[in-house]
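Labels run A, B and C following the written order; every chain starts at residue 1.
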Amino acid sequence: MTALAEPPVMHEAPPSGTIWRLAEDRSSFAGPTDDRAGGLPDHDLLEVALGPHHPSTHGVFRMDVVLDGEEVVRLKPVFGYLHRNHEKIAEKNSYLAAIPYTDRLDYICSMTNNWAYVMTVEKLTGFQPPERAEYIRVIVGELTRLFNHACLVGFLLQDMGALGTPLMYAFREREKILDLFESLSGARMMCNYMRFGGVRCDLPDGWIEEAKQVVAEFPRFLDEFEALLTGNEILLVRSQGIGVLSKELAVNAGVTGPMLRASGVGYDLRKVDKYSIYPRFNFRIPLGQHGDVFDRYMIRLLEMRESLSILKQALDTIPAGPIVDPKAKQRGLRPKAGEAYGRIEAPKGELGFYVVSDGSPNPYRFRIRPPSLINLTVLEDMCLGHTIADVVIILGSVDIVLGEVDR
Amino acid sequence: MQTPEQIKSLIEQNVPGAQIELVPNGSPGGPASILIDSDHALAATTFLRDAEELAFDFASNATGIDWPERVIKEKNKVKKMVDGVEKEVEEITEKKTPAFLETVYHLYSMSLSTGPLVLRLRTGDRGQNNHLPSLTPVWRSCEFQEREIFDLFGIVFDGHPDLRRILMWDGFKDHPMRKDYVEPDDYEYEPTPHDDVLEKAQRHYAQEATV
Amino acid sequence: MTDEIARKELEKQGVVITSMGELYNWGRKNSIWPLQFGLACCAIEMIAASMARFDIARFGAEVFRPSPRQADLMIVAGTVTKKMAPQVVRLYNQMPEPKYVIAMGACAISGGPFKQGYNVLKGIDRFIPVDIFIPGCPPRPEALLDALMALQKKIEGDTLRGANRPRHIRPDAPSEFPIPEFGEHDLVPDKNPALFHPAAVLLEK
């Protein structure tokens, strides 16, 4: 590989200690040069395209990697293989018609996607969901967090070489929660459950008891999971000190969710924005210290325990009452011209929707702020200097879903 | 948190020459947004990030909006002399809105737990003057989002370290999120009540018949 | 039919009679190795089908191979975008014969809910031949198992000779299909006209 020319300096380095690359050259295969890595070494390097069809990229994601031996010296993510034009389609259709599309964004957690969108439209229109609807939202949202994190840990362990077992345990638990969702909404994965100012239908008879049963049994699974995994020597060696993300970079790069908290920044929208009825519940925010893969793994396990605590409180105190705001309009909704940005703490991070209305029946601008995509901003920074086998684990610990990355 | 008006005056005090406008928001309780001229955008945003009392260290969302030229009809009641008698008459005035592309940034402060501050930048027009300064040097979270805006809206960000298409392939020529984007004709009939879908299907088969 | 009765009688005596073709199909249909290849939402249901509750291993199809060279079945699980379509066709071309394709879910069949999208391929059957279509968005794991059984039936009916013999033993039938290229506005070509024959449509004005 020919040595790259001195890169032109495009802009000054910003002040106040942000970590930043000075300039980049786009001509080579994996693109830019990088000053933090001290430029490319002048001996032969290997360029590999990991993906878009690769068993460990969690979907159709591609990483263009430059390797020096086994060590990563460049890594450029390539997106767009699942770019399904959510935003364009939503701008062509009515406000209501966008709800089922949000299911398919982060297709593991359809409930939280629904929630973020309807909350944004509620900000735009001023609808107030009644008490019971808020409780239902919190319950299904936290159930979603439970199985999202369980599946993530399963996939992460699969990437580490534990083929089958952890993922099978996680999916066994997921099926129990999906049964709850199915009896609630009629669909396993694509629930299409929330509506502006409330939810679509009330809980069926006996649902609360079934949910309590699932919640009561879940800690046993977590204990089993931890006994199986957390002390495991292979897991410790392969995750501790790997893919370290510093606090400053995490904040500047807009990293959110468990990844941010694993780096030690206590920023959880359930506490910060106090949206919905979260202030009523007693729960803690687990924080990491090192910001490595192990911390990200542990954060997920701890968050599941906190979600269980929220679920217990919510299931015990859910009131009776209406489930949708009587003033709320679903079909033919035409909000006044204006804009709103709503965000929630989705299992993967801050999921935001930005909706601009011009008074017509379809949104003028419909934007999804995807946590998965923005958390990938720091992928290269975390991978530099590690081996190619670690790249797979670091990517696994980010927790991406391609439907949301590419939209 | 400071109101947008206070933030506006803070920027004006600390970034000399910055021209800032407040853009009202019609939704209930929605905050007004701040429109900054593109020459001072980098200085103003660096100030927003580094000022201790503001500390907007987290740029959550960056996105584009396409505003093509539109004719807005306004109905005004005007008092007029009709046949010697003063009457209230509805008069329709047509107003052309300027065409431009816009980027919107939603800023939050993680250290102070405040936000959002909505920041807007506008291009000169939708054609050649489609350059804006990149805010990626200030907040790295804008890196991929600005690439996406470049890809889908065609706004060129000066100072972006790696401005390439991100979602569509490299040889792609269009900017699909613009309002005047014409989709490729790859459509078979689908029974749907949407007029534009039906129209598109009709066009598709009309073309196929001529081939 | 007398053959069938004689065969049953012999089986009772512990003598199994079969033909070459039957043995061949019996072996193939019970060890279909799918390509480990997920595109979108449906891939999650595909994974669920291979997990404990649905257990695709009961049908001999649990060996998900990451390499197309070792796979018999491509489950197109999810939306095929135009950016991804060339890769899907290339993967199909790299699979050895006999190979089969299941189009799982509405998107793989026709673009599904994303049919209005500018970057969405309106059905993978525009570029590669599809054996089984499963409707649903996403189809349940049971639907995937049903499709697998339908495919097994199809394999069972394959003959080794005659005019109806399947593609992979006809020397004149293609095993690889042209890979579309990225154009300025769309894929070039946007479909394989030799393969894709949409139904004739009369539009009411």
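Operating definition for what follows: contacts are C-beta pairs under 8 Å (C-beta built on N, C-alpha and C of every residue); 3 or more make two chains touch, one makes a residue touch a chain.
These figures come from a predicted structure and were not determined experimentally.
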item	value
Centroid comparison with chain C (C-alpha atoms), farthest chain	B
Two chains joined by the most C-beta pairs in contact, as defined above	A-B
Whole-Å separation of chain centres (CA-atom averages), chain A against chain C	32
Centre distance in Å when chain A and chain B are each reduced to the mean of their C-alpha atoms	26
Where chain B and chain C are represented by their mean Cα positions, the distance between them in whole Å	44
Chain B, residues touching no fewer than two other chains	167-169, 176
Of all residues in chain C, the ones touching two or more other chains	83, 116, 118-119
Of all residues in chain A, the ones touching two or more other chains	80, 83, 85, 88, 92, 406
Complex contacts: residues of chain A adjacent to chain B	10-16, 18, 20-21, 23-24, 26, 31-32, 79-80, 83, 85, 87-88, 92-93, 123-126, 249, 251-256, 265, 267, 272, 335-341, 343, 350, 352, 354, 356-357, 364-365, 367, 369, 373-374, 376-378, 406
In the complex with chain B, residue positions of chain C that touch it	83, 110, 115-116, 118-119, 122, 182-186, 190-191, 198, 201, 203, 205
Residues on chain B engaged by chain A in the complex (per definition of touch)	25-30, 33, 46, 49-50, 57-61, 63, 65, 104, 106, 110, 113, 116, 118, 134, 137-145, 152, 159, 161-162, 164-169, 176-177, 194, 196
Chain A to chain C touching residues, read off their complex	52-55, 59-60, 80-85, 88-89, 92, 100-101, 104, 107-108, 167-168, 171-172, 174-175, 188-190, 402-403, 406
Touching residues on chain C, where the partner in the complex is chain A	36-41, 43-45, 47-48, 51-53, 66, 78-79, 81, 83-84, 87, 91, 113-114, 116-120, 137-138, 140
